[in-house]
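Next up, some structures in structure tokens.
Common to both upcoming complexes is chain A, partnered first by chain B, then by chain C.
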Partner chain A sequence: MKRLRPYVLILVALVAWEITARSGLWSPILFPSLERIGGQLWAFISQPEGFTQTWTTLYRTFAGFAAGALVGVLLGMLMGRSQFVAGLLDPVFSGTYAVPKLALFPIFIFVFGLGSLSKIALIFLECLYPMTIITYHGTRSVNRVFVWSAQNMGASRAATLARVVFPATLPYVFAALRVALPVALIVAIITEMISSVDGLGYLVTYSLSSLKTDRMLAIVVVISALGLALDHALVALRNRLVYWEKLDTYYV
Partner chain B sequence: MQRLAQLGVLVILLVAWQLLSLRGLPDFVLSPLDIARHFIAALGTHELYLDAWASLARALPGFAIGCILGIGLGLAAGIAKSFDELLSPVVFLTYPVPKIVMLPLFMLWFGIGDVSKIMIIALACFYPAFINAFYGARATPRILVWSARNMGASQAQIFRRVVLPGALPQIFAGLRVALALSFIVMFATEMINARSGLGHLIREAENSLQFDLMYVSLLTIAILGYAGDRLLRWSRKHFLPWEESHA
Partner chain C sequence: MKRTIAAAALFFAAAAAADEPTLIRFGRGFAAEEQVWLMSVRTDLTPNQGKKYQLKQILFQANPERFQAYLAGELDAGTAPGLAVIFARSEGVDMKLVASICQEAKGENYFSTTYMVKDDGPIKRVQDLKGGTIGVVGYKTATDLWARAGLLNAGLVPDKDTKVFSLGFPAMGDAVRTDKVQAGTFVEPFYSQQVAKGGLRKLFTAVEAVGYDHELLDVWFGEKFLKAHPDVVRAFLADYVAVTKYYLSNMEQAKRDLHKANFVRGPIEAYLKNADWRRDPNGRLNVESLKKLSTFMLDKLHWLDKPVNVDAMVDQSYLPR
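On to the complex of A and B.
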């Protein structure tokens, strides 16, 4: 009984949904029953078409995320280890941090075309910010004594970076990855909703404009499951690689 | 000195951009001087203010609703176990889910007007506000609570004088994330469907290939986002004089 407690609110919401759907007060277009959503979900999963569309979205998400993570970690570590680079880049990042990068999307469409590349470029840009900023803070908070002792024992600059600074920054890198991955998925979906002919975001808007709400909700369920699964996979990877530090979060 | 060097970098970048444009850039890349010229021209017209106002009238109420609910419930979950057990699993479970996918559904329920947009912005802002308030309240050092209780403070007093000030830095961190998020979601919803606002303006400019208008809209949203962030930092200094701001 106690183990079930966390799910009370979700269960209540589902029951309330079903009662609303079956009461007949609203059109099934506004509140399709769970049964119909489930049917559409099955139809989506069991057909190769669903798999292809999901893959399109995932491909964009991962491509932009990977590029943003790689460049962001490099920039963040450079900024953390060099006063000059930090002085150069810090004002750029903190000045444009609060600016919605999504506003650049129309320009990206002209530069990179209507296909995947403009979306990947925007995902890259949105991921770059949290990756760089959090890695930068992480590199700066590396315990100085560790760096000093490594230097004292004759470690070269490269060895200090690879053996001391990088592992010490790793928890921060993973914190940044956990911020950036949902952002990547969100931006992929948004750009697909704004302008696309494929991907899950497109399917959501398409199902809505053809008033197939049950299908739309089924895809919303798929997207939610993707977001959850990606986050859990990342946490699992983190706990394997950063085994010396316990993750300071709740319920994950 | 540091300031001067940073300003220098900015000036060098702009000059390089301007010089590049002299050698000929594609149509969709305007030179900084051109952008400035169009922006100043647009400032003299009525439309830009209308669109900016329409955007703010969506982002700010959404931000306020989401943050008030998020901070309130987050603090409640941080200090009361019953709230924690009821709310936290749902919040943390749905946290990595892209909230924007709910927009079509909200449009069906609340219409395609401003209500559905404000609701989706509030939903997006709720999460960072809740999570930061929750962690902020939970991180209150027990010793402080004990000593307050020892000195005869009531529950309400402990909350107001110990838990809340302790959680404020974290709450402000959440507000900063939420503010940036509210602008992103506002822009996204306006680009997906709206008849006014900066997101709509940029879409319209894109469709009619008016690149100058695109940059005007872009610059306006950039300035608004930057100003909002500065305002938040300034109020943080005002409310948290004892905390050194680290941005």
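On to the complex of A and C.
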């Protein structure tokens, strides 16, 4: 019973949707039945094009996310260990965190073109903020006793950073990764919805333009499943690498 | 005593509501619908408004949202491109076209949506777009249809030989100039602005792409509303035709009024100079052109799953005789 608990609300939502769809109160274009959405989902996953479009979105997501994670962790650690760097970068990150980077997308298009690069660049920027800020706070919260002990035992600055600070910051890094990964996927989809000729976001817009809500919702299900699978994979990786501080259950 | 007063108040309120003219919740767009907007700006031109109907215009940025609002019961009528209504009908949406707003037509006096390229660029003819990109303002929109028609006429396969990208009208000029797209779609007022800037030239127009004059924007009503309030629709369309005739014979004043009421933004002088689309003074639809567009969408573009009965989609009987 406990295992089923996380799915209860989803099941309730699906039943509510089906009741609404079958009530006849709204057009099936607004509320298509689960059967129709399922049919479109099957059509999507059984065709090679579905895989190609999914891969296009995932490629953009991973490319921007990986770059954002790498640079974000580096900057965050530097800020956490150097007051000079923190003093330099903190106002920039704090001052521009609330800016919706998506508003910059038209500029990115003109700089990087209409293809994948403008989308990857925006995903990078969106991921950079949570990665940097959470890593920064993680680095600053490393137990000083660990650092002093390493220094007393003659560890160099680099060795202290690599063998003490970084492992101690890893739980924060993974927390940042879990924040940034769905952001990356969302930005990939939105940028594809704005201007693209491929990817899942493009298919969402294309389906909406054709008034094919069932197809659009089937793609939303795919996006949702992708988000869940990626998060599961990240948690599994976290539990493997941060073995001293495992998450008790997936739904903590 | 209190109960009697309350009952009387309720009675009078109900009686007053019953006397209220029927409200038309009307979904409008943001371009080329001058005579529709004028109905709200110059109510003195619409004698039936306030007596036989009330008009509430609601702005929408795109057609799918407008149709979704209609399906959700939030709209009774609206404006939309004929081809968008063809899409809607193919999906079973119960709406009908009742009047024409404007058409893409040949002739020096009329504006037709224009596809432009860089003046000094390598694209001299449509065939040169092979391997390039053409900008439109949305997938499965009229601009998408014309772009694809132009490419097909030149023997190019859209998406395969030439990519079709969605971009906003304001970004189109710079996108062409910076080679982000090799050709772009231009409507007024962006067309005149970009021509004045220089450096761009015409590749083809919407009319040249499909080969015939055709409907661009139309007025639609929900079928239930048409059945429930035929006299209201007739009164609305009588005013609409009167306003259309006024607009055509007093274009400058009408444009000034629309600009003053913020229905149109940007420099007034440029707006006054812009060439206009063809508008039928009686609001009559070119049904044959809709049939041709429907066939093109089905056979050449494969945008429709099944044929659409255009005759059943159009009802011009509500227009003044």
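Keep in mind that, in the parts below, the second predicted complex is superposed on the first by the 239 of 252 C-alpha atoms of A that agree within 3 Å, B and C clash if a C-alpha of one lies under 4 Å from a C-alpha of the other, contacts with A are read in each partner's own complex, and residues count from 1 in each chain.
By definition in this document, a residue touches a chain if its C-beta (ideal position, glycine included) is under 8 Å from a C-beta of that chain, and two chains touch if they have at least 3 such contacts.
Please read all numbers here as calculations on a predicted model, not as lab measurements.
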Touched chain A residues, chain B compared with chain C: B
Which of chain B and chain C A:206 touches, first, second, both or neither: second
Partner chain in contact with A:227 - chain B first, chain C second, else both or neither: first
First, second, both or neither for A:113, with chain B first and chain C second: second
Touched partner set for A:46, first chain B, second chain C, both or neither: neither
Which of chain B and chain C A:197 touches, first, second, both or neither: second
Touching partner for A:30 - first (chain B), second (chain C), both, neither: both
Chain B versus chain C as contact partner of A:105, first or second or both or neither: first
Contacts of A:149 with chain B and chain C, given as first, second, both or neither: neither
Footprint overlap on chain A, where chain B in one structure and chain C in the other make contact: 29-30, 106, 109-110, 194, 205, 208
Sites on chain A touched by chain B in the complex: 5-10, 29-30, 87-88, 90-92, 94-107, 109-111, 181-182, 185-186, 189-190, 193-194, 201, 204-205, 207-208, 213, 216-217, 219-220, 223-224, 227-228, 230-231, 249-252
Chain A residues within the chain C interface of the complex: 26-30, 106, 109-110, 113-114, 194-197, 205-206, 208-212
Touch list for chain C against partner chain A, complex: 63-64, 67-68, 71-72, 87-88, 91-93, 133, 138-141, 159, 163-168, 171, 174-175, 178, 180-181, 303
Residues on chain B engaged by chain A in the complex (per definition of touch): 2, 5-6, 9-10, 26, 28, 85-90, 92-105, 107-109, 176, 179-180, 183-184, 186-188, 191-192, 198-199, 202-203, 205-206, 214, 217-218, 221-222, 225-226, 228-229, 247
